[in-house]
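First chain A sits with chain B, and in the next complex the same chain sits with chain C.
Let's look at the complex of A and B:
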């Protein structure tokens, strides 16, 4: 196991390399398993309550179904040439040394079963082609190691064939759910979305009260009334954000930032208590049907409220689902204003306003910090922002630089398209598997350590609720303060200059008339809207 | 999986959260806290009682920010900080204090 001994290094020694290849530790993480879903959690989603009697037969049938449905899955299973390019690319391998956390080995857990039942050579000469029966031991291995993949796609960046382990993990989880082997964290949460509207289980009155509290707080701080409209019919913009933004720190500071931006833009916006969740854990469990049900809540809320645009808050996989799958899952979105992208990321929204000079900042409010940015994996490798390639990297940085004087990037091979997962993505943000979470965070923590010691970085911004919660938990394990992680819009919130109420007579000339309302010109849609390897359907 | 107290048995989930919230009582809270290696003081009770009041009204635990603000208002500025709450409940005020208060675990990206 790669130990975390940052402070035990002899003085003058190099910083531990975030990409250092660990000594192999076979089986080290075999016992790392999330809690299984209870019967009630499984059946609420239409899955069998517990392991079905003829599970092997049903699992193989399901695999056959998925192979027909998703051609990509079959291509990934057939095309691996065992070149080894992926072996040292997974943060969970780097952090644990367990060879089954090498992406190719993880794929092989699936591939060997595929070969046994779906290829001629595997049926006739299983041992020659590494084909294996789906036994209970294999199923147990699946449960352990497909819950040690955060579906972050880092390995796929390095695979010469573009094999996407994330899709294989999703398929494995879908097969397991179909035979009654669900994971508690994801399935319980999806059930809450169906029932209450969000992952947290936050009912409408609690949401309303929390939002009122925030308005009060901003008023006390700044003297300006910044509203958090809820369920307001006829608003132009529906904001869909992770429910963690209503609950946790530093998430809620980001939410305050969004509201201040909308306020300064003079935008007409609203949250929805029916669709009070951006996250879509249906993706984590590979279930098209669950993903569709969750996405359709957002469509319904947008239609019921009569909004013209949808903006997505700081949530990595939510934006991935929105960007890559919303059209198929819940489209067409022809009732929205075609002059704006569907979806629009909150960073894109803020960036546009900055470009147009609609927001004013006092950057010195962030002078006590030196920032770096953790590119959230789902944003980095499964979506895009703006209308130029790489916008998902440039726009969040541009927003940070517009509101902060001090910004330093981490090592180039740990950011942008090569960024690491925070270690808690893909449905792994659960307390009982804190061990794999801490170890999986090691590469990012080492990259952070380097810029902290070399460049005086004090804080790391993120644009994903999972990243924020995961880092808050694991940072102390690496000798950092919990609040080293901040929301990007928290920085915006700190620096933005709010316009005092009109009756103060303090408005400047420019916005003296009634056009304080947002007057964004529509902008061109990206010509090539497809994220790498994941087609944004039209 | 159950807590045993005075000859009664109280079911809990894998992580120690009570299954039936209505069965909670203060003695049981002390027992749950003990499992969490926390010796309950008046300060702990201030938080736990607030959580229960809030839950009664809203069927969910308050946002950390709301809790901090309420503590500040009720018990003074030195008790209205995230740091103070983490000192009382090292595993995180939301999850650990909820468990002791007999409330469900906050779920999601938290």
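Let's look at the complex of A and C:
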């Protein structure tokens, strides 16, 4: 294990290279597979409860259907030339050496079946072109290795054709679900969202009391009443955040940070108990329909509460779904204020306030820390913040630098668009597969080790609920403290200077001053947005 | 007899290549991309996407990021192939364009560079364990085929020369449906047979990466999901029943 390796390493020896390519270890992770979903978990989502009789036939039919619905799948299956560019890019390969964790080899588990049933050469000369029947062994391999892909898209950055293994693993999981081979972690959670509104199954009363506790906690700490409004009709902003923010550490410190920012902005905001979840595991299982249903809860909440804007909290894949897919799945959002992007990331929101000088900070509150930032994969490679490409890298860093004096980036080839997955994304944040999670975290942990030892970094900030939960769990395996990982808005929370109580009640007039209180610069809209792109000013 | 055989072979090969590729392109173009999935940071305008695609196709930008050796050998091969292809245009056009004449001398060196690049890539398939693992029989065969085309071409230039004026007459005749005799030199026949084989396997093989790259959603999509609602026809039906 890596921690042994680290402990035994004599002082002064070079740090292990995060990108070190392991020797091939065929079959090393073949036995790593998550718990299968129970019949109830599958049927709740409309999938067959267990492996169906004619599963092979139905799987091939489903594959055929997906090939006509997803250009990505079709093009990616045809285009790979086996050049090898992706072979050393997957964190799970780097951490395990299992060749089936090389992106191209993972794709080939799917591609060989595609070739056998859908291509002329695969039908005529299967051995020549590596085509194979869909047997039970192949299906078992699918279940193992398509649950060792966190859909982080790192391979797609390096592929000369942009082949994104995430698309293939999503398709594979969708096919498996369609024949009754679901994964417990994802399917159970999606069921909870449909039923209760969040991944954790937190009902409204529990949520309410948690939020009240937070207000009290902040009051004790600062003497200022910072509200966490829930289900407040007529609020301007609906905050959609991962439910882990309501109870997990360090997530909850991030939530406290958001609330303090809203408080200082004088914003009228609310959470929704109906849509109390930003996460959308429908993406992980590749199901457009499930993803759509989860996204539409948020639409309904926004309509019911009559909000004008939506802000999304710190969550990686959730922001991908929100930024890239919401408009498709649950749009058009024409009932919201067109002057703001739907949605806005909480970091964009805070960043804009900082730019406008609306927030005051005491940066020394974070002086006991030296920070680095783990770019979350879905934010880095599947979304954007701000107007310009790459804003998703600059804005969180700008926020951190505005509230902390000490910030150091990790090695350039392990951050930004080349960032590593934390090892627990893509529906793999489940304890029975802790082995692959620990191994998959290795590249990030090594990059962290480097800056810890070279630059005295003490903490690593993240903007993703899964990253935070995963790191909290695996950091000790690499000789770090659990609380080395922090929320970006936890740092904001530490440094923000809250307006003293006497000013608290001094609210502006009710009518039409929403935009006057909110001096945020909306994201520039493209020219074709026309007159609507202008800022409404009172 | 030989002339007829090769004339028919080339008609068939051309038909398969053109029809096969057209079918693939049609398939790629008509299969919907239901979600916005550009690998970000991605251009936010259409022209930005064109620029990204040009960099990808002309410079192999992503491959360069990934692995300098694969990039070097792959780039060498593709650029050399392009030059060789341009050089070969003189067998199909009369009068020969100035640009083709100007590139003529480079085309010969390119023949060697092309084979060198391919051999280097092929060597990787044996020497690098990761690449060896992912290489199948068809990958080796494809390399063998293209190397053989290159070597047989070079052989005609340096070892067993053929009557290229007659070859040109044959090719022009093919295009004008006025068949002219094809020289019977062995090396030429090998070269032409292999090229015909390549044309035939093209639409059924990984050579589809050539049209495929232009249809890759992670590369050809504009990063503007918030500004423009993007919905596939099949997905629109989900909204049809009852709204909310």
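In this text, the second predicted complex is superposed on the first by the 503 of 538 C-alpha atoms of A that agree within 3 Å, B and C clash if a C-alpha of one lies under 4 Å from a C-alpha of the other, contacts with A are read in each partner's own complex, and residues count from 1 in each chain.
Definition applied: contacts are C-beta pairs under 8 Å (C-beta built on N, C-alpha and C of every residue); 3 or more make two chains touch, one makes a residue touch a chain.
Quick caveat, the model's predicted, so the values are computed rather than measured.
With both structures fitted on chain A, tell me whether chain B or chain C touches more of chain A's residues.
More residues of chain A are touched by C.
First (chain B), second (chain C), both or neither: which does A:33 touch?
The answer is neither, since A:33 touches no partner chain.
Output check: A:87 vs chain B and chain C. Expected answer is one of first, second, both, neither. What do you get?
second
Of the partners chain B and chain C, which touch A:15 in the superposed model: first, second, both, neither?
After superposing on A, A:15 lies clear of both chain B and chain C.
Give one of first, second, both or neither to describe whether A:227 is in contact with chain B, with chain C, with both, or with none.
In the superposition, A:227 contacts neither chain B nor chain C.
Kindly classify A:161 by the partners it touches after superposition: chain B alone (first), chain C alone (second), both, or neither?
The answer is second: A:161 touches chain C but not chain B.
Based on the superposed arrangement, let me know which partner A:363 touches: chain B (first), chain C (second), both, or neither?
A:363 sits against neither chain B nor chain C.
So in the superposed three-chain picture, is A:296 touching just chain B, just chain C, both, or none of them (first/second/both/neither)?
The answer is second: A:296 touches chain C but not chain B.
Touching A:469, do we find chain B (first), chain C (second), both, or neither?
A:469 sits against chain B, while chain C stays out of touch.
Just to be sure I follow: which residues of chain A are touched by chain B in one complex and then by chain C in the other one?
Residues common to the chain A contacts of chain C and of chain B do not exist here, since the sets are disjoint.
Going by the contact rule at the top, pick out the chain A residues touching chain B in the complex.
35, 184-185, 188-189, 192, 198-203, 205-206, 209-210, 213-214, 217, 242-244, 246-249, 251-252, 279, 315, 429, 431-432, 465-466, 468-469, 473, 482-483
Help me check something: in the complex, which residues belonging to chain C touch chain A?
Checking each residue of chain C against chain A gives 24, 27-28, 31-37, 39-44, 56, 60, 62-63, 65-67, 70, 74, 121, 124, 128-131, 133-139, 141, 204-206, 208-209, 212-213, 215-219, 223-232, 234-235, 238, 244.
If you look only at chain B, which of its residues touch chain A in the complex?
14-15, 57-60, 62-66, 69, 82, 86, 92, 94-95, 104, 106-110
Quick check on the complex: what are the chain A residues that touch chain C?
Touch residues, chain A against chain C: 21, 23-24, 67-72, 74-76, 78-89, 99, 102, 104-105, 108, 119-121, 127-130, 153, 156-164, 167, 288-289, 292, 296, 299-300, 303, 323-325, 327-328, 331-332, 341-342, 380-384, 387-390, 392-393, 417, 525-526, 528-529.
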